[in-house]
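Letters A, B, C, D and E mark the chains as written, and numbering starts fresh at 1 in each.
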Amino acid sequence: MSTTSSSHRSARPRRRGIVRDLLWHGLNLGLPLLFVVLPILSFVLVSFWTLTNGQIVHTLTLANYRAFFTEGSYLQVYLGTVLLSAQVTLINVVLAIAIAVFIFRRTPRVRFLILMSFMLPLFMSYIIKIYSIRSILGQRGLLNEGLLALGLIDQPIEVLLFSRTAIFIALAVLYLPYAILPIYLALDRIPANYLAASADLGATPLQALRDIVLPLGRPGIAAGAVFTFILTFGDFVTPQMVGGTQGFTFGRIVFSQFGLALNWPLGSALAVILLATTLLAVALAGLTLRREHVR
Amino acid sequence: GPKGEVRLLAYEGYADPAWVEEFETETGITVKVTYVGGVDEQIAKMKASNGKDYDVVTVDTASLKAFADQKLIAPIDKEKLTSAKNLLPDFQPMSNATFGGATYGVPWAWGSLGMVYDKKTFPTAPDSWEVLWDPRFKGKVISLDDANNDINFGAIALGMKDPFNLTDAQLAQVKDKLIALKKNLLTYFAGFDEGTTIWSENDVVLMFSMGELAAINLQKKGFDVGYVIPKEGAVGWLDNLTVSAGTENTDAAYAWMNFALQKKIGADMAKKYGYGATTDAPQGMDYANRLIWAQNPEDYTRRQAIWNEVKAAN
Amino acid sequence: MKQKAPLLDTLLGLVAVAGLIALYAPLVAVAALSFFQITRVRGVMGFAPFSLEPYAALIANGEILAALATSLIVAMVASLASLVLALMFAFYFVSARRRFGLMMQMMVFLPFLLPPIITGLSLLIAFREIDFARGLATIIVGHIVFIVPVVYRTVLVRLQLLGGSLTEASLDLGASRVQTLVHVILPQMRPALISGALLAFAISFDETLITLFVAGSETTLPIRLWAMMRVGFVPEINALATLILLVTALITLAIGLLQRGQAERAS
Amino acid sequence: MQPLLHLENISKRYGSVRVLDGIDITVADNEFLTILGPSGSGKTTILRIIGGFEGIDGGRLMFEGRDLASVPINRRPFNTVFQDYALFHHMNVAENVGYGLKVRGRPRAEIAAKVADVLETVGLGALGARYPAQLSGGQRQRVALARAIICEPRLILLDEPLSALDVELRAQMQRFLKSLQRRLGIAFVFITHDQEEAIALSDRIIVVHRGRIEQEGAPEQLYRRPRTPFIAAFLGENNLIAGTLAGVQGAVCRVETAAGPLHATVDGPAPLPGSAVLVAVRPEHITLAAAAPGALVAEVVEIRFLGANILIELRHPALPDTLIKVRRLADGSTARLSPGQRLTVGWAADDAALLVAKG
Amino acid sequence: MQPLLHLENISKRYGSVRVLDGIDITVADNEFLTILGPSGSGKTTILRIIGGFEGIDGGRLMFEGRDLASVPINRRPFNTVFQDYALFHHMNVAENVGYGLKVRGRPRAEIAAKVADVLETVGLGALGARYPAQLSGGQRQRVALARAIICEPRLILLDEPLSALDVELRAQMQRFLKSLQRRLGIAFVFITHDQEEAIALSDRIIVVHRGRIEQEGAPEQLYRRPRTPFIAAFLGENNLIAGTLAGVQGAVCRVETAAGPLHATVDGPAPLPGSAVLVAVRPEHITLAAAAPGALVAEVVEIRFLGANILIELRHPALPDTLIKVRRLADGSTARLSPGQRLTVGWAADDAALLVAKG
């Protein structure tokens, strides 16, 4: 336990008990090592093996990685999925910023309740929600039927479901709360008198937004973007269920290697590539935080 | 797991709560059911734990060999399988589950991957799979999403003799055929229910289905649909009860299998879920002889890759 | 003090309302369907009259209720444990040498960056290797591994903004580090902790793909739903989803009202 | 002439606590107005109301005859130096200072030049690239000051802007503020608790006490003619001796006190004889002489060195609770004094003010 | 006798900026030590090092002969009043103040009683239930003070604790601090930029300048015998006139300046004749007389009313850049002065200090 000031770091007095230090480092580095890294590392190892005639060959090679770039449509699907996730991330982060700012501009007494009303949908099973989204957006779904009944349209709108648009809508709806929460939590810590000061100096609300609220919300925005990108990039169920013939994503390819295809080496290699991508996303988000200075 | 417990790895409908209750009171053995959504999941799970988490696993004929090759299931000890006598004569030899001199599964439930059609659009049942490719029905066709069975289905639609052992050239043909179908599709679906739900919420008239249950469910919902095995034939699937290679409760495993293979259980399953039982002749499923019974295919890995290509195609 | 900006507020308000409608439409549909089932007569949509049948069916469905109970236990234990771990990691990050902090953070983040199937399978293999029986415990571990990164981020963002002077003041007044944690830091982080815990709970409660692998023969609600997708959901699922939502809403409201008192004084 | 700013009968409450009650203040163009008052008296609240950060529960706020009610903060031609600085911790010093120009869309080069200029003025020329967390308390205060003055507003609101500065810098900043005010022709509303600073800088001082205006006027006027015991004691030091008004001759009053009869001058109409009154004498107005019979003789208790001044505290046997304070220049003239010495304490009747004692 | 606290040759840098350089300070038991210095000189840093909030880059910190390096903040028997208060905003005033006792596990009733007591002392008796956000700046500062003193530590560290308080309250708090210190027998390390306060309160003053100790000593000693031009100018006002040392007679030196020869007294060994020196004369030591030929005659530029004092600024034609400041009691004796008047400026050689001018 400590504070964030770098000064405090140096202030931490040398412990009498090395034991306590060891325990502290042990817990923080050992637990993740044991429960996360070791299991996953063994998997990364698999990615350097190959499957030949249905048998795993335990020689280290880059064949699977080569396959990603050269064979079949892995690369194409991968790029399509990156694009899809990036687009959803962009839209969701923009929406989430707007919503977080909206909540932030309410009086303190109602903020938490509004925030929570945006979190509540997370408590309904996501499978059920996808089903529900589908039943709303279908050609004979509640939306079309409703619009037809109201006479607002005379033909069902078809692109709502089984299209890229549908993937967009569904992913955006499913993952929006994950973007709102971190952004709002960051805004919530902005000292009230900063806004007073910026207004005093002549900033319009929009300028205050640009210069104070968003820069100080940046760690939250980065976190929200990373959450959204990773979750959508890894989600292969939603695109599959609402994307129709367009719903084939990279996650699906990864998944398919671990079933009857029994191609664990390729699956692992593809997973490592997925990991590298998300790491890149995190690094990019991290870059935007460079200039952040803690009080 | 502890003795006195049997752990099932099963599909929905293979471990009805009523049966479980009856079995538990009868034998004093507790039942733990783990449901899976598909064979891919099932094999990944079994492989990662060397089968140690389950005692009885339902495996379809087409993937039995893969399970056996990976040493995930153990040969059946026919001595202990006292209910084998209840099997219909056709299933008695368990030839579908026998290779390398050992028998790995007991036939348990079967069905077909036939065509569901809208009776308003088709007053008479379409007789060929070709209708799915008919541009007139573009956007009104849906298809099962299952790497192995889609390739089987493509081969069958193309009239290939042995859909389970395809040459490179044949596979290429099948792939093109499936890509061509894709252009006509509204979407793929992955389970019985997905198929029927999508049907009911969209303007769909044709479906390469997951089986009888699709039609039954749609009819229950008030849709006027029919189920047909086209002239080219259709994949027949047969799920088997197998004993996990990792089991420590062999006796409990056999107890469950013997219990499940009773005629009354089979009849109940047919009634509740529309699957064909292996212990009783199912009503209305009179096309068993026209089905092309699924076998272990030439190369799963390959098929998966091809299927991925189809799905990635534009 | 809030600078007045009617245009901005209207605009943001519209986005917020649109967001709420989009988020709640699927929920409302499910809730509605739990009372009025859709009927299709020859493909024409209609609604059955109001009925509580799905709720009655739910009460009778022991299998689903058992799965629900399992899910609740798992989510409760996993989210609490994740909260504690996330806090520990966050403190480690801000206090340890930067290199160590980054190392820890990278490791903690991994499961969140990987496809869940990899996390699930790797854990399953690890459990197998050390011969650790799959059961509730392995599910909980699997969930923790996946949830911690999310909660950690949430907590860390807040902790970093907290600043050091309050901690310094507390230590100066003679509080131990633990006392400082309990009396100063945690209260300051309350919103992040509550939100973090709720988020953790929600994720765990809905976690499917990792659970699928680490579950052994235990069945959580999402696993049950996942398998049910093949042959279709029974109507009681809608009832269950509706009830869960209702209970969650009530709990959240209660917490929200409590928070409100806090906000008033401390702002 | 119409005042630049007019606070008309403003009142303000927080919940059930009334913090401002019928405040009426005018600020003239180019005026240096200081608000002085004890801690918690409502000074900051007045400033926040002018700035637009707080709403009001009664009254009006007029700027050049226009009601400011509907003018948002960012359109008010005022700038504020906040008591807690409110520096943006994510911007460096130069960015903080240049912010007001940036939001006005001024060209970069102009901003850079002005920022450099103002930073130079406040003595922070070299620290433009530092972040607030890397500054000392006084340096932060100067950044806040620089940030407010760079916009050259019509009115600058300053909440104790010099309180964290050392004497030298403070004197320098005072000179700077004063010259700035003259050069720009802008009005300053200044809060300080340092009376010497208030007196030295202000054209006018308003003393606030418990949310009300106690007295206002030019510095010397307030210092020389306090109208209430509170002002007498608050603005500079005063010796207050309680007594009863015995008689009035013109402006000179005779007051009966425990130490005997004293004389004081009344400003305005005298209270009724018999009233409880206070005689107020400034420490610098008291003369000390050798003890003489019949005079007001007190004993030196302590001699306190204050730097430029020396404070001599004496006690009169009849006034055991009141220390009589006498101020002298530390120029050596008091060298012969020592505790225990008995001296005659005296003052010119004109230097003693008569005040009505309150409840 | 071993000092209570000993900072031995402490140095500290932030990145490449060296902020403390070979600081050596001892604090004796029951001593009131003030650290004085310009803004940014390193005062707060010294306090933070004592408190344990900052590490050091060189030197040692000894408490009663024990090295404090391994003693964590919460085990150091010191309490701090932070410059920015650092109040816990989620606790009300009473909870803030009682916190130090609570973490020591004192019984509730005792805490409540002590809190009430201390709050009374700092004049916040009624505000125990308020939250920091509901207080004025000065009130917050008093809460911070109350919170630190309630624990009755061996040493109290105070970073400008009185700077937001008005004169009255400040005098009251000064008395309170002084009496507290005597009553508890604890040492105070006090930072202030108010020299008068420093002089009035301290047993000893240490002046810090650019991270180094410039001079230390008793208040009067520092005021009367500054050893460097910096101290002369920083601690109280001084008139500094530059010149060249022409001759020395005993302690009295003759200095050639633009305004002619002046006399000053040197403290210690005199510099070599020909050295650049400064003559430092306190404003209160300057006498004014009618202009006389051959004398130092200057013209009154401005007469500034400061309250108890009056500051007269004069300019000598040969010293156009130096205002000569003269301080007088505002007792009416300066009434006849007016700008433009020409007067002879004089002082006793003993009151003029000779200082070596620095590079």
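As a working rule, contacts are C-beta pairs under 8 Å (C-beta built on N, C-alpha and C of every residue); 3 or more make two chains touch, one makes a residue touch a chain.
A quick map from chain label to UniProt name: A = Spermidine/putrescine transport system permease protein; D, E = ABC-type Fe3+/spermidine/putrescine transport system ATPase subunit.
Keep in mind that what you see is a predicted model, and the values were worked out from it rather than measured.
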For subunit B and subunit D, which third chains touch each of them? A, C
Of all other chains, the one whose Cα centre sits farthest from subunit D: B
Higher number of C-beta pairs in contact (B-C or C-E) found for B-C
Roughly how many whole angstrom separate the Cα centroids of subunit A and subunit B? 35
Round to the nearest whole Å and give the separation of the Cα centres of subunit C and subunit D. 56
Computed distance of Cα centres, subunit C from subunit A, in Å: 15
Per-residue multi-chain contacts in subunit A, two or more chains: 5, 7-8, 131, 135, 140, 193, 196, 199, 204-205, 255, 258, 294-295
Interface hub residues of subunit C, defined as touching at least two other chains: 1, 3-4, 43, 117, 121, 125, 165, 168, 177, 180, 226, 229, 233, 267
Residues of subunit B that contact two or more other chains, please. 38, 41, 44, 190, 194, 197, 200
Within their complex, subunit E touches subunit C through residues 51-53, 72-74, 78-80, 82, 84, 86-90, 92, 99-100, 102-104, 131, 133-134, 147-148, 151
Across the complex, what residues on subunit C touch subunit D? 1, 3-4
Contacting residues of subunit C [partner subunit B, same complex]: 39-43, 62-63, 117, 121, 124-125, 127-128, 134, 212-213, 215-219, 223-224, 226-233
Where on subunit C is subunit E touching in the complex? 165-166, 168-177, 179-180, 183-184, 187-188, 190, 262, 265-267
Complex contact set, residues of subunit B against subunit A: 38-41, 43-44, 47, 63, 66, 69-70, 139, 145, 147-148, 182, 185-188, 190, 194, 197-198, 200-203, 299-301, 303-305, 307-309, 311-313
